[in-house]
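Look for subunit A in each of the two complexes below; its partner is subunit B in the first and subunit C in the second.
Showing the complex of A and B:
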């Protein structure tokens, strides 16, 4: 059997799943909260695609305007709706919040998708191995998930950034290291239950190789829980990224367009306590941007879970 | 299986986890040992001195021998010294850990308590009123709370509840000082008398836990001050983590409410109140405790962030300062401690669950 036939087998199985998911989508749209969540997520994705183009300049770095109309605005942020150039106002350092939000959408979504999808891929592969092969290797993989599930993620990321240096790759790798074990557990559980089914037994009896069995029967059967987990993890990864950037564990300069970094501009430079009093917009707007996106992801993920769990549908 | 057999088996299963975790911290420390040796408190100037230091730190042997020395030192409390660049330079890391641990433990324990107190009743309520306004409001509220960045919520709470200048609260409620133990000084704040704890503490702390120490000294204003300063951060941590337990309690309740024994109880004419409280809730509570173990890692991450935002003198702030000052020894110590706490919490939760629901032990 060639890899090509495995690939087409996989795509055919997946296609069948996607066709049957039309019914699931109907149930999803009946839940108003999940629909709103999906709409907001799509809006943010569009923002991430066209945002940096709307804002202009370097797509991941905000432009600093130390002086505007002859006034120094580094420590005197402009409120929202005052100038057309700064629709959402500016923050400490003379950065436009509008620009930061637009560019941050792409930066955050990019970083989070790399982390979540790599984690899901690694977790799925290891989970299928652990469930299907079992034995000493499977046991070792499951003990590995135990170890990585008992590491507090922010602490591990900070430790990695301190030891290996402040680099983008270090941050991404340390977060992938945290986010794979859940998928391994999900996939392994699915494998263990699907493996006992009669149709899998039949396909094995008909001479199906283990790779083919995994790709044709096991992954399509566990694809929904993986989708749900991805949609829920995405929000958590965004929150963790924002926390790390807010606390200053960054790999980039002060103008890096990340939502947590944008928020930290307002409260850094020893102005923490006074920030909410003297320029509340610089604190509230980036926070709300993060909150709305993560909430939308959670609403969508929760709706998806309800739809895909037939016990809850009734 | 008897309970103690189960506990022993569960503890034995922890050994690979502990070895794995220490291997990770050992690997991370090992990467930096060269740096440590070259900078060894400015003691190394010649090759001969370097040889002596290498021998002192057991760096000449093979890696596995170094790992064994590392484990030995780890479990006997020889955790090295705080680096020169950091706060409290030269202090043994273990001493620093003993000083930093109680504030974090207070925060985490109170947050756990708040999660249980808020989450479990809300989950029950949500299940009982399934698909009605209360259910939707509870679930949406819980989800919104979980979606809030914890540092942002911390910032808002800090500014509106704890900072004296912009608080909504009457200012006699907003106490000054970050809950350090001292004799209470009643000072003036905004022209009115407020209980006041001086940040330059002078008394020795018997346990290190401020909430206990203040009671030991019978200093009630300081106790309430300490409680006030631990309540708000723990509320932030609890709000940003308790969504999972609401969701779990709800589905667990729904599952139990659909069981035959509940129908039997209802058909016998047992009042609905008792059906929910005595029949369904009791069964749902057992399985919901397991979630505490699952969310403990995210709870501690929240604790770290919240501590930094609120400048509480605990483990999280220590990690933050150490990472800023490139103090690898302290960073590794905090990583190790947090991991051990999570592992221990999982163990406790499992044992509690097997006590509450003996069926688990049959597997």
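Showing the complex of A and C:
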């Protein structure tokens, strides 16, 4: 055989894969809601990539403009569409909401990716062990997940931030600690069913080691529900982050470009509910940004679930 | 007799039945109960019996896919192992079918350890045996291309080449790249598939094609022994015939030994050289195929053979109809396990368990009245007729 035929082999294999993902994409686009969700998610991802560049300056810190055109605007936020410099208005402290939204996209998506993907990775590994090996070790892992699932997540994060200090790493670690058990459960359930399939036994009969069997057969066949969970959890993590920042459990200064922090600026002067009456845009715009993203992720996640379920496809 | 490929003695496999909140063991399913099996090189040994009689479990134990509860397995036993085996075997048979003593279990377990528990030997064993499953849908990984499915055992074990290693093991080479592609292509062409099929996923094939792929995967490493676990049961009759003839061709070409597990007597008749009949985890009759079909002695075998459909509307015969269901393997009947449904059953059958006795040359039966049955039905008129017409 010549190298050319090997090359064609690769291209053919690649073509097959492409066709298969094309088909998946086609099925996804059959659902209008999922398509809208996907479009919005893609828009946010693009925003996260180019947003900070559009806004300029430090990519994770908002610039404060205490005085604009000679007027102090720290406690008198400018409404949207009034000045070209602040297209979405400003909030307490003289921060531009437009800038906060753009920079916050990257900050939030970055934090959420770290937390969700770490959680998914830990969950997949532990879930596969618990499902494939079972026994006392599996039982121990599952009881561990039960313990972590029973903890209210905001409370755990607040406790961690209080005890270990307000650092970015503490917040990320505490949230990972909260997020892995869901994945462990899902993966274990999948592994338990895949493990009994004949192709797993055939692979064992061919002399495949446990580790190889798990990596080559069990995980590829049980990982798909994880993708759905990841897409849904992205939204949940961003909501939790926003809640923590809103409650004041921050690890950075008031100018930190995070959507929850941006939202909480509006009430940071101690005005509380009055903020909604005097400058509603400062609360609703960051709120809407979060809402639309979480909603889009949920729509996309539901669509993804349908696509990845082979029974729905045939 | 030709060379012994695999020998198992006193094989039992009990599956625990767990229940209650604490998951304690309530009892055991006696899937395989005290089975001695010898497989000779180059033969096709048929294992037949109805659902739940333990034939699949036996196949899995023989391949060491599950650990037997007790029992020793020997793959290509050497002289010293053989003598040890013979001694144990005679001790066991003289004591009849009884629970193994603690020391005996220990001996059996240590012999087993010597064979299988050493990692190196286990890996060597794995590279020499393969399995083909009944269900061609679940036996292929749905997310792998056919090329990868067939390549998997080659990747793990390599393929055997001429000559031996220093330590007496088979010499094997691992193929890569172009050589591997070419090798796989040769194999699938032999199976009646073509190059284009290699780049498809399993769900794009029909049942018969998938079974061909499963066979290709098994034969790719040129094994010495393949367990065929009902390989044709999920296929329609025309495809069954193709698969059976393919298996025969492969056996001649690669000189491989088959253990053919099925409930289909017609298939057994067509492919196997020797047949084991199992009932509720025990071997009830064992003989060469022609011998068994011409002179079935055990009442259970007779009933099975009389149930083979005969494509001749004018042929009348006396059917032996078994009444009742198979008793639960969790609580097998005392004495002879078949006595609840046997037409010859007498008192002794429910109290004493019959041992396997050689009634004719190479024809072993576990029945108290085997000689009587053979005498009274010596003409075997009806049954002989069946054996001539069937197939």
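The working rule: the second predicted complex is superposed on the first by the 289 of 314 C-alpha atoms of A that agree within 3 Å, B and C clash if a C-alpha of one lies under 4 Å from a C-alpha of the other, contacts with A are read in each partner's own complex, and residues count from 1 in each chain.
One rule holds for everything that comes next: a contact is a pair of C-beta atoms (placed from the backbone, for glycine too) under 8 Å apart; a residue touches a chain by one contact, two chains touch by 3 or more.
Predicted model, so just to flag it, every value in this text is computed and none were measured.
S.K.: Of the partners subunit B and subunit C, which touch A:114 in the superposed model: first, second, both, neither?
M.R.: neither
S.K.: Name the contact category of A:163: first (subunit B only), second (subunit C only), both, or neither.
M.R.: Only subunit B is touched by A:163; subunit C is not.
S.K.: Does subunit B (first) or subunit C (second) touch A:74, or do both, or does neither?
M.R.: A:74 sits against neither subunit B nor subunit C.
S.K.: So, A:290: does it touch subunit B (first), subunit C (second), both, or neither?
M.R.: First partner only, subunit B.
S.K.: Under the stated touch criterion, which partner chain does A:155 make contact with: subunit B (first), subunit C (second), both, or neither?
M.R.: A:155 contacts subunit B only, not subunit C.
S.K.: Considering only the touch criterion stated at the top, classify A:204 as touching first (subunit B), second (subunit C), both, or neither.
M.R.: Second partner only.
S.K.: Counting residues of subunit A in contact, which comes out ahead: subunit B or subunit C?
M.R.: Between subunit B and subunit C, the winner on subunit A residue contacts is B.
S.K.: Looking at the overlay, what does A:122 touch: subunit B (first), subunit C (second), both, or neither?
M.R.: Touch status of A:122: no partner.
S.K.: Is there a shared patch on subunit A that both subunit B and subunit C touch, and which residues make it up?
M.R.: Subunit A residues touching both partners: none found.
S.K.: Considering only the defined contacts, which subunit B positions touch subunit A in the complex?
M.R.: Result: residues 16-17, 20-21, 24, 28, 31-32, 136, 139-140, 143-144, 146-152, 155-156, 158-160, 163, 165-166, 243, 247, 251, 297-298, 300-301, 304-305, 308, 319-320, 322-324, 326, 328, 331-332, 334-335, 338-339, 342-343, 346 of subunit B touch subunit A.
S.K.: Residues of subunit A touching subunit C in their complex?
M.R.: So the residues of subunit A touching subunit C come out as 1, 5-6, 9, 12-13, 16, 20, 197-199, 201-208, 212, 216-217, 220-221.
S.K.: Under the definition above, what is the set of subunit C residues touching subunit A in their complex?
M.R.: Residue positions touching the partner: 63, 65, 123, 126-127, 129-131, 133, 135, 138-143, 145, 147, 152-153, 156-157, 177-178, 181-182, 199-201, 214, 217, 221.
S.K.: Any idea which subunit A residues touch subunit B in the complex?
M.R.: 33, 143-144, 146-147, 149-156, 158-164, 235-236, 239-240, 242-243, 246-249, 260, 263, 267, 272-273, 275-277, 283, 287, 290-291, 294-295, 297-299, 302, 312
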